[in-house]
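Labels A, B, C and D are assigned to the chains in the order they are written; within every chain, residues are numbered from 1.
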Amino acid sequence: MWVFLATEVMFFGGLFTAYIIYRNFYLSAFEAGSRLLNVKIGAANTAVLLCSSLTMALGVRAAQLGKKKLLVTFLVLTLLLGLAFIGIKLGLEWRHDYLEGFAPGVNWTFHGPDWRHLELFFCFYFFLTGIHALHMLIGVGILTTLIIMAGRGRFSPQRYNPVEVSGLYWHFVDIVWIFLYPLLYLIGGRY
Amino acid sequence: MGGGREGNHEMGTAVVEPGIESRVHYLNASYGIKSWLLTTDHKRIAMLYLASITFFFFIGGAAAVLMRLNLISPQGALLEPATYNKLFSMHGIIMVFFFLIPSIPAVLGNFLVPLMIGARDLAFPRLNLLSWYVFMVGGLFTLYAVIAGGVDTGWTFYTPLSTTYANTNVISAALGVFIAGFSSILTGLNFVVTIHKMRAPGLTWFRLPLFLWAIYATSIIQILGTPVLAITLTLVALERVFHVGVFDPAVGGDPILFQHLFWFYSHPAVYIMILPSMGVISELVTAFSKKRIFGYSFIAFSSVAIAVISFLVWGHHMFVAGQSIYAGIVFSVLSFLVAIPSAVKVFNWTATLYKGSVSYQAPMLYALGFIGLFTMGGLTGLFLATLAVDAHVHGTYFVVGHFHYIMVGGAVMGYLGGIHYWWPKISGRMYPDGWARLSAAIIFIGFNLTFFPQYMLGYLGMPRRYAVYAPEFQVLNVMSSAGASILGVGYLIPLVYMVWSMRYGPVAGPNPWGAKGLEWQTPSPPPTENFEETPKVTEEAYAYGTEETQVA
Amino acid sequence: MWQGFPIRPDQASTIARGVDHLYYFLTAVDLFFTALIFLAIFYLAIKYRRRSEQIKATQVEGSLPLEVIWTIIPLGICAVTFLWGSSLFIRNSRPPEAATEIFVVGKQWMWKLQHPEGPMEINELHVPVRRPIKLTMTSEDVIHNFYVPAFRVQKDVVPGMYTSIWFEATSTGRYHFFCNQYCGTNHAVMGGYVIVMSPDDYEQWLSGGIRGESMVSAGAKLYEQLACITCHGTGKGPPFVNLFGSQVKLTDGTTVTADEAYIRESILYPSVKIVAGYQPLMPTYKGQVTEEQILQLLAYIKSLSSGGVSQSSKPTSYPPSLEGGGQGAGNQNAGGQQSPANVPVPPGP
Amino acid sequence: MVGHVVHKKLYFLVFAGLIGLTALTTGVAFIDLGKWNTLAALAIAVCKASLVVLFFMHLRWSSGLMRMVLLAAFIWFAILVALTLSDEFTRQWTPVPSNWQAQVQQQAR
């Protein structure tokens, strides 16, 4: 699984590289774009995701100790928090940005100064958060499977590898967000 | 060279064994389409790959034949430029992503990795089957792109041509490559874990056959490089769908950034093709010299070194692309570095012959052919790493000649050599050695006739990807096309006799070459579970000095 | 030599000879090692062929001294080649300051080449022999590449940025140039000829035919037409005199060099870099000016700098006295120089 | 098969740390530190990521192999960024040999 995560690092790595380069080319536009995002929602979502990571870690612990009920509870909690994150992301933020006309290629109505580069920022915003959300969705799928398997008592202290591996994946997606949050929301400065 | 030396067949020494048909092995363990399509046996999956990539190879090859035919006349003998452009794009995409990259890893690697380490199967058999399906889905997308009208961006998908200006099936082709990339990642992952976790007792890292070192290095590249290509092609596809520009200069994007991201994968990808081939050659040279490999650890570490350095050199594709001169110098010096481990390998193979007992069955001819062609291909790489010379030959037929020497002269020779060497293990039967030697000789000659003129064309300044060309280039182009027809015949012959041998070839026995290595200690074809009991390894790799007790 | 079967293109520029020498050196290295490996394989393969099944191979494990030797020697050769190639490349990349600047715009699938004196050519470039020429190039659509084998120079022509090459032709004649970066359907016919002429012939060629407007004056006209003058001539925007090549202080405290890329960016995306002391008032000219017009404006702005980077650009008084009374820059294409040579012009855009 | 079982308290401690750092990074963004804003944000992100990797993902108790894999991934990412930037940020920079004018004139002769 770690090896797979290395693949994932490079997957996001390519995007981050592109982001870094354009940010340096068009600093002011990217900072302006960053200020247009809602930092409160971003921060709240970060907290939600961190919570889910905690519950996931506790879930793995429960599996290690063979506490079936606890495991299912924590997995369900993780799942719910994950869904909450996606809900906030898609339902609140994306919808808001779309309605405001900040969706490049789909609904772009903003034509202030330097809007072309601002659009570029929003491209990256949507690509990065979109691919992240896609990973979350995959994670939700994995969690659902795990919950069903856990409910049927498939795991024991001797055999809980799937839970641990899924945990790694979930934490990784969390880490990606830990970097996305400052890069997208904070880097423009809020002062 | 040894093409005419007949009468040295090892086949005669094949030990009389109960007929293949009377024993249960992986090929006859069960029958029916379903038993193949749902198999998790690494050997059967290898066969699935073999069939699919052979199919892709001949599609890509057909495109090449049409292109060479067209280039007989400066005006273009039979194709419209638009058709020609689609052909070379298809040739590139299919040959690179659907033949060369999966060739040795997915076919020979799948078949041999568990056998060589004394394991029952790969670490994740079901994942392995999944990779094949993923690969096929990718292949179907690409074939769809071809049938629905083709792609004309070249296999490099350079922006903004691919994102904005081309109006062909870029998206489905890119998607096909993207999906096939995941197959490549999963296969690499499987190999890495298998080699780490499932080696037989006693099989330490420095007792591993060099083929496995090469496969391991290749897997590293696949795991760390492919995702970057995936994300890059995703961006291209998204850009086409939503008309937003990450690489489009019209909105401030940088088309050269695409090239950086693309070559970050696609240069190492060249080593995905050639490294396994080098591994095969290391096996062949020792087996047919009956001698330990010269400088085992140097060859092993040079594989890893190549894998690492290969990620540092991609900028040499962009010396004249508008990249800064400073970056050009950095990439130039790094590119020279990668030449060193390759040279070390060639010298070591050559030295292995020294004081050996060398025989010339077909696989060895392929191996020697590989060394020759790879030397010529590798050395011309120096021209391209040299900034001032590259500023002249970049993007010309010199480059085409160079990478065909590496990828066809190198990778395909190695692949064919490997297939010939392990064919008795795979099928349990021998192919006619005389024919095989003949085809090795034909391929060697045809290959040089095809691609050597291209070096000269390149220095004369003929750009690549030209459907029509200036008349001063005609003589060499005709030579190249003539060579290509010989080469084509050379590739068809093995197809015929290999298929023939599956039914009519003489029974091979477990170890027809008298070679070392765990894979030769089990019957041919191997039983589904590979080994009746897990073998214990007590000797170094290629222990040809010891008594040949294990040979059945 | 090798008349019917050339091994290299004509050597027609000051760069060519140096590149060829390096090429010969590499070929020699190449041949030496290929021969070495081939001979070694033949020799060993025959000497140690398997004569009978009984004779066993002698086991040789390897040899550290040998490994070291065949690591060091290639390393040495690579180092030499690298140093040689890179120093040559740096020299070949740096245009002499006195070079005449010609502007090149690539588009699917033709080349437009604009002389500073005015004539515009399509798929053909007339240059005088023995005078350094610098090509400043950009593209209207996809990436192209301007490649003159006889001069041993090429460079990608990238949309959205300027790249440049330079050469000094050493002998008169007609030399092929090609597009060397795949650019779509008619990539293969996107090329033409560089025609190197003696200085006298060149002068005659320049004066003959329909003389287009000079780049500088076309730029000066645009300067009025596009109403640049209303701000940049009145102090509302930064003035252009001595702008080119100078250091410009920006509002965010950084400085940039006012080069081609900066000026281009400021025309198309004025709000990206705001000069310190000015308001961000300027609208974008993206979509309103063609690449050629930007080049003309650039030539005009360059001409206002005392350094006079382009040889032919004469310092003009400010505000400029306009020469001629053409109808505007849009007519530049129409007034293009008819080419005397008979080269088939590829299908239009 | 049972790996290292971590005490519950530690998890909650780490979690508290993560939330604290999130608050910190958000807060810092509202103070003008010039160039340091970006650096601070990234440094905090690295801290948070390390916490997750070390404790939630049990890297602290994992074998050397896992660490190597992770290290490799980040080295490769660094290669990608560093070498790409080596081009992108030096496009304007062209080395000028000190006596290049003399050289050019020599060549012209």
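The rule is simple: a contact is a pair of C-beta atoms (placed from the backbone, for glycine too) under 8 Å apart; a residue touches a chain by one contact, two chains touch by 3 or more.
Keep in mind that what you see is a predicted model, and the values were worked out from it rather than measured.
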Touch-connected components when chain A is not counted: one piece
B-D compared against B-C, more contacting pairs: B-C
Per-chain Cα centre nearest the global Cα centre, belonging to chain: B
Most distant chain from chain A by Cα centroid: C
Separation of chain C from chain D, taking each centre as the mean of its C-alpha atoms, in whole Å: 37
Interchain centroid distance [CA atoms averaged], chain A/chain D, Å: 18
Multi-chain contact residues (two or more partners), chain C: 90, 93, 161, 269
Multi-chain contact sites of chain B, meaning residues that touch two or more partners: 224, 228, 252-254, 256-257, 260-261, 264, 322, 325
Residues of chain D engaged with two or more neighbouring chains: 72-73, 76, 80, 84, 88, 91-92, 94-95
Residues of chain C touching chain B in the complex: 5-9, 18-19, 22-23, 26, 29-30, 33-34, 37-38, 40-42, 44-45, 48-50, 55-63, 66-67, 70-71, 74-75, 78-79, 81-82, 84-86, 88-90, 92-93, 108, 141-143, 145, 147, 149-150, 152-156, 158-161, 163, 176, 178-189, 269
Contacting residues of chain A [partner chain B, same complex]: 3-4, 6-8, 10-15, 17-18, 21-22, 25-26, 104-106, 116-117, 119-120, 123-124, 127, 131
Chain D residues touching chain A - in the complex, by the definition given at the top: 1-3, 5-6, 8, 11-12, 14-15, 18-19, 22-23, 25-26, 28-32, 37-38, 41-42, 44-45, 48-49, 52-53, 55-58, 66, 69-70, 72-74, 76-77, 80-81, 84-85, 88-89
Touch list for chain B against partner chain A, complex: 185, 189, 192-193, 223-228, 230-232, 234-235, 238, 241-246, 251-254, 257, 260-261, 264
In the complex with chain B, residue positions of chain D that touch it: 65, 72-73, 76, 79-80, 83-84, 86-88, 90-95
